[in-house]
């Protein structure tokens, strides 16, 4: 793929995501207010107009930008400055491979609703995610503060541990879809799954009325355990509650970004929210069918509407529908994360590690074994 | 694409840098990192030569890349053990200075 | 010069500079290991240019994402801010090492020399996970088994070494 | 060459006892928890009994086949595979059943089962160590397994495995009460003497295999050796400058192996000492089964001996001499088990005498009947010993006729059988042997015949002497056991009864042709026709029936006179033997001390060997050369070199090592790419 095109698309994504992140802070505020039975962010106003508190993100950004950028004494100035950028950058460029829509052809031209579509798309996300560790480590180290150092240590240990589970928990999905390419994965999910098809594995025949009982062929139905583990590991990578041991407000004040202020603090803050979007995007792409509309695949839409409205119009409509579907799933997943974040109490640090090494890791390996056995049974 | 000679040249330079690092630095951690650098230089040479003789689509010749995978595996194992050694050394000597590890000297 | 060649030289310079930065930085071990990360990432980029995609991704995941993080973790765990060792006969060592390095470098470069064939066009699927995976689990399956055994023994060894009280 | 028929369950016959042995071994050696006795008994005897049933079934299967096709082979797996191209050999774990091995497995499992049952009672009061009971049955089962492997083996290496296995079990069982150092010594002696024979056996095996390889048909399987045997009949082998026919060399080598196992001159010395083991062991191993392995092997290799007259002559003469020699020793022994032991040696000599003279059928016949009556005699002796509270000296017995009302009858049956009382089993088999000797063309066969004839008389004499001294006359037992003499229990007696029955009628299986009409067992020797497909009969019976009757009459006559002399000496005039011994004190001492063979061996072989080992091998070679020069010397050399020069390389500076490593690597790579 031409490099210029990738750069262009990345720029567009950057704009979208950077705009989205502040809005998510608003969502979070509202969500927490809702769950805690209060009204929540509604004070910021321009001439008395509050717009449901939507002005708060703007106020936040303004305030952060005008704050003084403090570098503590004895800190490594360069690394202190670089750390927030390194934390935020991977989160943003991870969007490069997430498909916002499918592949559509308008006559001779083909449109791909994804910035880059390499064969190894999912691995790319893992690789980028593993680099994200450095932001936290550098910040913790460069601040010349013991709390920060502890936070950085915890962050590195936690992220490196959960990466293992993260990788292993989706191996089952690789096996089911037989690809690592995210667009291919979504296309494989743009169909239906016969719920009673397993009868044929044991030599029976499926009655016709049962053959109509179908589910969307989403990854979550193939790999429910994988979904749970993947979501958990992703959330732990993000270091937000309940996995916020590296920040640990009650123990480490603010952990690795304790000594940050102004826009650099804002970058850390933003990167967390961007990662929430990344998680939502990846999870909905892999497990929730991405842009695929349940029970209504791309060919059906284009064929059905195209028959009386014209091919071009139908494809255009399809693009919009798919994009909307994806955004809907994205928002649902973001909301789910908010819900979890405000529902569950924090884990203690040892609990975080125990969950990873003694809970999720063996489970994910068992999941691979079971998936392999079942696939051997079903596909022979 | 650049000629493979340049890739190999880069690999040689990195290897020699790593070698000098391993030979001159007294900080055990840096020595370990220098060794990693040497391994990486070798990996680069493997990848470069594999690029030169890639085989065909039916019979791919990916021995170089497979060897790189193995080198990465070995490197990971080596780092795990090496860092274990460093930790126990810190515990016993309170230093990562290589020159202080001379108990077996005559 | 085409784009890929320009990129190659950019990344090559980046790799060499950061490698030198790692070796020559005697004050700050953390900075040295971060330089190593830059070298790793530059190498990964070069792998992409050499169309070894899977290796590039694994390079980042394993080297940058795991190995150097482990280095950093240990450095931070042991809180090694600076290594201010007592001065020794370092000039002799450095002089000797430099001499040896130059000698080896000249030998290596002489060894490669010019005369390698033209870089061919890669076949379809080169460097992808599919071909590599099939090879790994057919022709090289013994190697995979050996690697798994090696990793297991490394885990056990690291545990034993790092354990505080062995009993 | 017979085409083998496949059979899938034959391997269970040896495996069944093995299961029990392995179980016992695990329980004793690893689990170390005592097993209830009823379970030990059930498992050991049960498996052997099952093996016996399986043997009967296999025998039946063999009978049901056409006479010239009687060969069942169970090829379990390839044990040793070697070679490429047409030079491949494979020694399989394969079991072959033909008429001769069928006979053997019936004897081994049948008599073996009876002895297992007998052991229950015999070992019951053994308190010498707490695991002893189970250990004993473990060894017995292991022995049964080894013996079955030996007789069922389809090839020489597997047979050798069984051969070694029985030797091992013999060693273990002789030294069963190892806490007594004499017993342990006897076990070692048996092992070492056997080892000499085994060495020769191996040499023969290698020579045979080498010759077959040279002939282009490398094989170790019996029937393939036989099929390809004509290729090496004329082969020669040069030893110390003299050319010998290969078959003679191989035959003699194998026979030396047989001498070790079957206690022939000059390797018989271990068998009398082997009586140190428990009595059932003496019966099972040293009378009924293991010692017959040599005879079985010679018969199994009969196709070889049939074309090797010199080797056959060696076999025959050794057998004949052993028969007379051992019989004379038995005359003077006072230990009840030793008498029987020398008797066994003598009877084995008989068998070899027959085999060497080409009477393989007669040898196998005597092997079978001897198994019955000698097992009976040993077990009976065991019963007597039990009754006498472990008193084995016959001079302290006497007058047990009243005390042991059941045992005396079975013992009498065994005695009559071995003496050759007409109609008893020993009578027929001994006659067959003497006839075979008479008609053979071995050099000096007349002499051999008269030796056999004389042995029959001596045998009758010493057996009668034994019986009279134990059962008749005055009760000479020590005062404290006198009142406690009692009949042994049921598990001891019933095996004796069965064996007694077999000893009496066992001869029916091979009644010679001349009595066939009287006894209505068919027109010919049924055993001979059964074995005919596998055993070559050296010469047809060229004797007139009248001559045979005459010879039988002669044998009965000499036996009867032997008995009468014994009656005269030991019952009528009990003081006379003492006087005669004093009169002929030199001769008596010579015989009583077994011709001083053990002492001669001791002086000629044991002492020099020990002295050589102690002075030269231990004090010089081991201490000075191996320890001093090789071990300490090399260590000292390394140490002085290292501390003198190499230690300066050990600078403690890791960077220095790195430098050297790099220089070395560069040098090696540079040299490789020069």
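Labels for the chains are A, B, C and D, by order of writing; each one numbers its residues from 1.
Note that a residue touches a chain if its C-beta (ideal position, glycine included) is under 8 Å from a C-beta of that chain, and two chains touch if they have at least 3 such contacts.
It should be emphasised that the depicted structure is a prediction, and the values quoted were computed from it without experimental measurement.
Interface comparison, A-C versus B-D: the higher count of C-beta contacts falls to A-C. One inter-chain figure worth recording: subunit A and subunit C are separated by 30 Å, centre to centre, where each centre is the mean of the chain's CA atoms. Inter-chain spacing, taken between the CA centroids of subunit B and subunit D, is 68 Å. Subunit C and subunit D have centres, each the mean of its CA atoms, that are 72 Å apart.
One inter-chain figure worth recording: subunit A and subunit B are separated by 34 Å, centre to centre, where each centre is the mean of the chain's CA atoms.
Within subunit C, contacts with two or more other chains are made by residues 54, 58, 66, 70, 77, 93, 96-97, 100, 104. Counting partner chains per residue, subunit D has residues 655, 659, 662 touching two or more of them.
Contact topology of the protein chains: irregular, matching none of line, ring, star or complete. In the complex of the two chains, the subunit C residues touching subunit D come out as 93, 96-97, 100, 103-104, 107, 111. Taken together, the subunit B residues at the contact with subunit D in this complex read 19, 22-24, 26, 31, 98-99, 101-106. Per the touch definition, subunit C reaches subunit A in the complex via residues 3, 28, 30-31, 34, 37, 41, 53-54, 57-58, 60-61, 64-66, 69-70, 72-73, 76-77, 79, 128-129. Note for the complex: subunit D touches subunit C at residues 655, 659, 662-663, 666, 670, 673. On subunit B, the positions that touch subunit C within their shared complex are 1-10, 12-21, 23-27, 29-30, 32-34, 36-37, 40, 43-44, 47-48, 50-52, 54-57, 60, 62, 65-66, 68-70, 72-81, 83-88, 90-91, 96-97, 99.
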